[in-house]
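Here the structure is laid out as C-alpha cells; the discussion comes afterwards.
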Amino acid sequence: MAVRAAVAGASGYAGGELLRLLLAHPEVGIGALTGNSNAGQWLGALQPHLLPLADRILEPTTAQALAGHDVVFLALPHGQSAAVAEQLGPDVLVVDMGADFRLRDAADWEAFYGSPHAGTWPYGLPELPGARAALEGTRRVAVPGCYPTAVSLALFPAYAASLAEPEAVIVAASGTSGAGKAAKPHLLGSEVMGSMSPYGVGGGHRHTPEMIQNLGAVAGEPVSVSFTPTLAPMPRGILATCTAKARPGVSAESVRAAYEKAFADEPFVHLLPEGQWPATASVHGSNAVQIQVAYDAAAGRIIAISAIDNLAKGTAGGAVQSMNIALGLDETTGLTTIGVAP
Amino acid sequence: MAVRAAVAGASGYAGGELLRLLLAHPEVGIGALTGNSNAGQWLGALQPHLLPLADRILEPTTAQALAGHDVVFLALPHGQSAAVAEQLGPDVLVVDMGADFRLRDAADWEAFYGSPHAGTWPYGLPELPGARAALEGTRRVAVPGCYPTAVSLALFPAYAASLAEPEAVIVAASGTSGAGKAAKPHLLGSEVMGSMSPYGVGGGHRHTPEMIQNLGAVAGEPVSVSFTPTLAPMPRGILATCTAKARPGVSAESVRAAYEKAFADEPFVHLLPEGQWPATASVHGSNAVQIQVAYDAAAGRIIAISAIDNLAKGTAGGAVQSMNIALGLDETTGLTTIGVAP
Amino acid sequence: MAVRAAVAGASGYAGGELLRLLLAHPEVGIGALTGNSNAGQWLGALQPHLLPLADRILEPTTAQALAGHDVVFLALPHGQSAAVAEQLGPDVLVVDMGADFRLRDAADWEAFYGSPHAGTWPYGLPELPGARAALEGTRRVAVPGCYPTAVSLALFPAYAASLAEPEAVIVAASGTSGAGKAAKPHLLGSEVMGSMSPYGVGGGHRHTPEMIQNLGAVAGEPVSVSFTPTLAPMPRGILATCTAKARPGVSAESVRAAYEKAFADEPFVHLLPEGQWPATASVHGSNAVQIQVAYDAAAGRIIAISAIDNLAKGTAGGAVQSMNIALGLDETTGLTTIGVAP
Amino acid sequence: MAVRAAVAGASGYAGGELLRLLLAHPEVGIGALTGNSNAGQWLGALQPHLLPLADRILEPTTAQALAGHDVVFLALPHGQSAAVAEQLGPDVLVVDMGADFRLRDAADWEAFYGSPHAGTWPYGLPELPGARAALEGTRRVAVPGCYPTAVSLALFPAYAASLAEPEAVIVAASGTSGAGKAAKPHLLGSEVMGSMSPYGVGGGHRHTPEMIQNLGAVAGEPVSVSFTPTLAPMPRGILATCTAKARPGVSAESVRAAYEKAFADEPFVHLLPEGQWPATASVHGSNAVQIQVAYDAAAGRIIAISAIDNLAKGTAGGAVQSMNIALGLDETTGLTTIGVAP
C-alpha cells in the first residue's frame, strides 16, 4: 500500500462512500479522518456500515491533521477547499469532491455560488474528450457533480458527433443521499418515501452551469440546458433522461454508431444492448454507468438515458478513478462494475 | 342513493380505487362487481383494504351481470369495452376506464394498439377547454390515460395562451400501480424498490398520441411530443415534468398569468403559490392536481410540473368526476382534494 | 356543523392527520389552528396535502386562541397539556393526543417521563372492556399511544378469556411518521429506506407501562410485557406481533372463539377470515384494525397480530372516535374502514 | 485462480448474489452457469448488475454442464439437489444453497417439506459451536436458511452459557428478495412498498425446525421456538428480534459477557458497542452480522437482535465462507464486512 490517503469530511455520505471504496483499494492505506461538528466521535457510530474503521475517531479538519499524506480528499462545504489545499503543498494530490474548482467561468461561479471564484482544476470525468490526459500526473482534481456526471456522459457523444442541436432538455431523478446527511424536514423518510418532487426548477440548480460547460466544450458552441432535478424515494442512484433536438439527417443508426464509438474503450461505461434500458439498481454501489440511447423520429429528438450511483461514480468512485489516473495506477484499481442488486 | 353502479374489472388496481371512491360517494350504490380470472373469489381476499365489501363475490363479466345499472364502469383490457358497451344500451352511462375510445384518429389507434378502432367518446378531462360541456348529459365517457391527465393539465395553459412553440419535451415518473396488478418479474418489489428506470422510450408509449391529440387541439396546430415515462419506487403518483420552448416575448409574468387564468375556477387543480413545488405525496388518494410553472429565461423554456395520484385523478377519480358531470350531479360529489400524507 | 374544534399542534404529523379527518367529519367545523415554532406560517406550506386549509395561518398556542371551541385537540410535547387544559374550563371537551393523562400510576409516569404526573383521564380506546362507557359524556380524553392501541387490541381478548399466561412478548414495526416531524439524522430518508432497526429495546420504550396497564386491567393480574419496537421503511402503519404463552387446555378453536366474541360488535376491528393475515397497507389512512390470531401448539403460544395506521386509528382516528362518543355522536361519524391501497 | 466454480440456478436472487461475490473472489474462476426456464438467455438480461458476465449464456442444468469444476453451487428448488449431487462425484465440493440437507431429523423434513429426506450434510454456519471443524475439508455443505442464520447467531450464546430457558420467541423482518424472483402478485412492488405483513405464522415456516435444531444442539436440551416472519418493504436484509426467558441469576453483565466471549474471534460477527443497535442497512451487501443484546430485568427476558443481509451472509456469503473453509482457504477470502450504505 504505497499510497496514504486522508479524508476531510469523513462523516458525511460522500466521505463514507469514499472510505468504503478506499477500504477495498489495494494500493491505498487510510490515514487521517477529519470532521467538523462530528470531530471527536467514533466512526463506528457515524458510519456503522464501515466495520473495519469502527474504532477510528474523527479529528478536527486542520492542515496539520491532513499533512503527511500522498492524497487528500476534501469533502467540505462549498468555498472551504481552496484554503485547505493551499496549505497542503503542490506535491500532495488534492482531490476536491466539492464544487469549488469545477467551473472555468468565474462569473458563472459567482452567480451560482455567491462567493469569489477559487480557480479551476483538472476535471475528474476521464470519459469526456480530453479529460483523461489532463488528469495524468496532476496534483489537483475537481471531482464533477453527480448530475453533471450522469448528464455529460449521456449527451456528449451526440455533440461530439454533431448529431444534436445545442439545446438540451434534461430531467433527472436522484436518490436522497445526493442531498446530504444534514437533517432537514423535507428529507425525512416520512416525507420522501412514496413521493416524487422537483426542486431547483427553471435553471436554478448549481449543477446547470457545469453541464453547460461540459456539453459546450464538446459541441464547440454554446449549448443551452434546461435542467430539472427531482427527488426520488430511494437512497441512491441518478437516472438522467437527456434529450436534444436532432440535426437534419440523423438516424437511429447514426446515433447508435456515435455512442458505440464514444464508449468502445471505456471500462466503466456500459452502452446497453438495444432494447434494454438503464436502471439505477443495476449500478447500486458500483462505478459503472449504464447508458442507452434512442432516436425518436416523430419528435425529432435524441433521447439518451444514463444511470449511475450518485455516491459512487457520481462522487466517490469518480474521485478514486481520477486519483488512479493522477497517480499512474491502472484506472480501474479498486473499483468495480458490479452492482449490488436487487 | 339514486345511482346504481356496476364495476367490470373490480379486482385490479383501477377497479379497487374506483370502489374506494364509490363507497364514499353519497349518491351511488354499488351493484354488480365482475372479474375475469378472479370471478368466484371474495373481494375481501382481492381488495383487503375495502372492508365494507369484504363479503362480496366477483361475478364473471357478462352483459347480464352488468345490466340493470345506471352506470357501468369498465376496467377491462384494451379492445374489450366496445362489445360490452353495445349490449348495455344507449341509456346506461358507460364509463370506459380503458383506452378504447380516447383517440379520435383511427390510424393512431391502430398504430399504437394494433387492433381496429372502436370509436371516440367524450373525453373525461373536464378541465380541458371544451371538455366539460361535452360531458354534460353524455352516456359514454372515455376516461383519459393517467399520463395524459398529468401532462395535458400541466401544459395546456401554455398552448391556450399561445406562449409555447409546438414542441413539448416531457419526462414523467409513475408509481408502480400504473403498471397494473398482473405479476411480472420486473414489477416485483425486489426489483422496483430503490430503482428508477425508463420504459417505452422514443415515442413508443401508448399515451403519446393522446397527449399529442390534447395539446394539438388546444394549440390549434400539431404539437410534437417527446415523452419519456419512468418507473419510480412508490406505489402511487405521477410527477410530470413538462417543458416547451417559449415563444418570443414570453415572460415569467405572462406564464404565471396564463396558468392563473386557466385554473381560476377549477375545483381540483391547485396552482401552487410561487416557490412551492408539487409532490406526489400531497395528492396521495385525492383527486387534486398540484401544478407549478416556471419560465427559464436562460434556456428559453417554460417548465410546468404536475403531480397527481395516477389511480385517483389519473383513473378512478377522473371517472367519478366525469360521471358526476354526465349525471348532472355537482362535479365534486364524493371526491376530495385532501391527500393522505405523510 | 354543531361542533367547533381547535387544534393545538397543527403543523406536526398527528395534527395534520387530525385535520385531514376533521375536514371529512360532517359535524365538525375547524376553528383555531395553533403551533409553536411554526406559528405565523401558512398551513399550505406546512401541510401541503390539506388543500382546503392552505390559506390558514397558524396562531401561537395560547389559551386565548383555543378558547371558545367545543372541542380542543392537544398535540403538544409531553408535559404541556395539563396547563393548557386547566385554562379551557370543564365544559370544553379536551382531547389530549399526548401521553400526559394515559397512565394511572404516578410512579410509572415519573419513571418513564421524568416529570410530575398530571393525572389520569378516561382512556380513548373504546374497544377495551369498560372503556366505551367511561368515554360517554366525558370532557377529558387521553388518546392512547399508537403501539398500545395496536398491542392492546391484539392481546386483550386472550386475557379477557383467561387463555394466556401473564407474560407477553411483543415485537412491533412502525412507520417513520410515528417518530414525528422533527428533523433528526437517523430519520432521514437516506437512513430509513431499505433498513429495519430496533430502538428502545429492553423495556425502555415509554409505551410499555401503558401496555402493562391495559393488559393487566383485563387479565385481573399483573402482566409482564417484553416490548421491542422497530422502525420500518414506510411512512405509516404499525404491525404488532403479540404472543403469550397459552394456558393449559387452550386450543385453536377456543382462541378463535374468544377473538370472535371480543370483536363481534366492533365497527372498526376486523378479525380476518382464517388464513388471511393483516397488512399495514390495507389500513392505510383508515380507522380500521386488522387482526388475526393463531395458536402454535408446538410452541404453546398464542400469536395475535394487528395492523393499524399509526396516525389514524393509532392517534388522530382514535381521537375522533373518542370525541364522537364523548359528544354523543355516532361513534363512526366521519371515520372510515376503507384503506388507501395499494 | 485455482478454483473453478459452477453455479446451478444462476438466474435467481441467490445465484445472482453468489456470482457477485465470486466475481470478487481472488481464488475462484467462474465456469458453467445453468438455469432452468431461463436457459438460453443472456445473463446480461437476467442479472443486469453483473456487467462482467453480461455476455454469458445460461446452459440447462445438467450433470454434464456442471461436471469438471472444483466447486458446484446448487441454487435449486427444494428436493432437486440430491440427484444432481450424486452425479458430481465425491471429490467435487458441492455447496447446496437449498434446504435439502440442512435437517438431521427425517421426520422434521418430511413434516415441513412433504418429500423423502435426502440426508444431512455439514452445516454451513461456522460460528456455531463445532460447526467450523465439521466444514474443514468436507466436500458437501448445506448452507443454512437465511432466518436460521440470523436467529441462531443471535441466540446461541445465551444457550451456550446456560442463561436462557428453552423457550424462544422470535419475530423477524425480511426484505422481499428472500421470497425469490418468481413473480407472484403479493410480491409486486405496489403491494409491498409501504406495507408490513406476517406470513407462515404459528409455527408453519420451514425454517422453524432448523432453528430448533441449532438452538437445541447448543442448549443440550430441546428448545421450543415461536417464530413469526414478516415481510418488510425493502429488497434485502433480515432483522431478527430474538427473546428468551432468562434463567434465575442472570444479569446484564453476565449476558454481555457471554456474547463477548462467543464472538471474540469471529471475523464476521460484530457485537455492537452498548447503546448501539443493528440496522439492516449497515450490512447491506456485506457478510457481516451486527448483533446487540439486552437484558430486560422487568420482563425477565434476554433480547438479542441481529441484522444480516439475507442474500449475502444469509445465503451466498455463507456459502462462500463455507467453501473457503472446506477448501482450506482463509475463511474471509473474497468476503467483506463493509456494507453499502446509505
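Per-chain numbering from 1; labels A, B, C and D assigned in written order.
Keep this in mind: a residue touches a chain if its C-beta (ideal position, glycine included) is under 8 Å from a C-beta of that chain, and two chains touch if they have at least 3 such contacts.
A quick note: this is a predicted structure, and the numbers were derived from the prediction, not measured.
Of the two chain pairs examined here, C-D and B-C, it is C-D that is joined by more C-beta pairs in contact. Averaging C-alpha coordinates per chain and comparing to chain C, the farthest chain turns out to be A.
The geometric centre of chain B is 45 Å away from that of chain D, both derived from CA atoms. For the pair chain B and chain C, the distance between mean C-alpha positions equals 35 Å. Contact of a single residue of chain A with at least two other chains is seen at positions 13, 175, 177, 188, 190-191, 193-194, 233-236, 279, 281-282, 284, 341-342. Against chain B, the residues of chain D that register as touching in their complex are 13, 175-177, 179, 181-185, 187-194, 233-235. Residues of chain B touching chain C in their complex: 13, 16, 20, 23-24, 42, 44-45, 47-52, 54, 177, 193-194, 235-236, 270, 272-273, 276, 279, 281-286, 288, 290, 336-342.
Interface of chain C with chain D (complex): residues 167, 169, 171, 173, 175, 188, 190-191, 193-199, 201-203, 224-226, 228, 230, 232-237, 239, 241, 243, 245, 277-282, 284, 292, 294-301, 303, 305, 307, 342.
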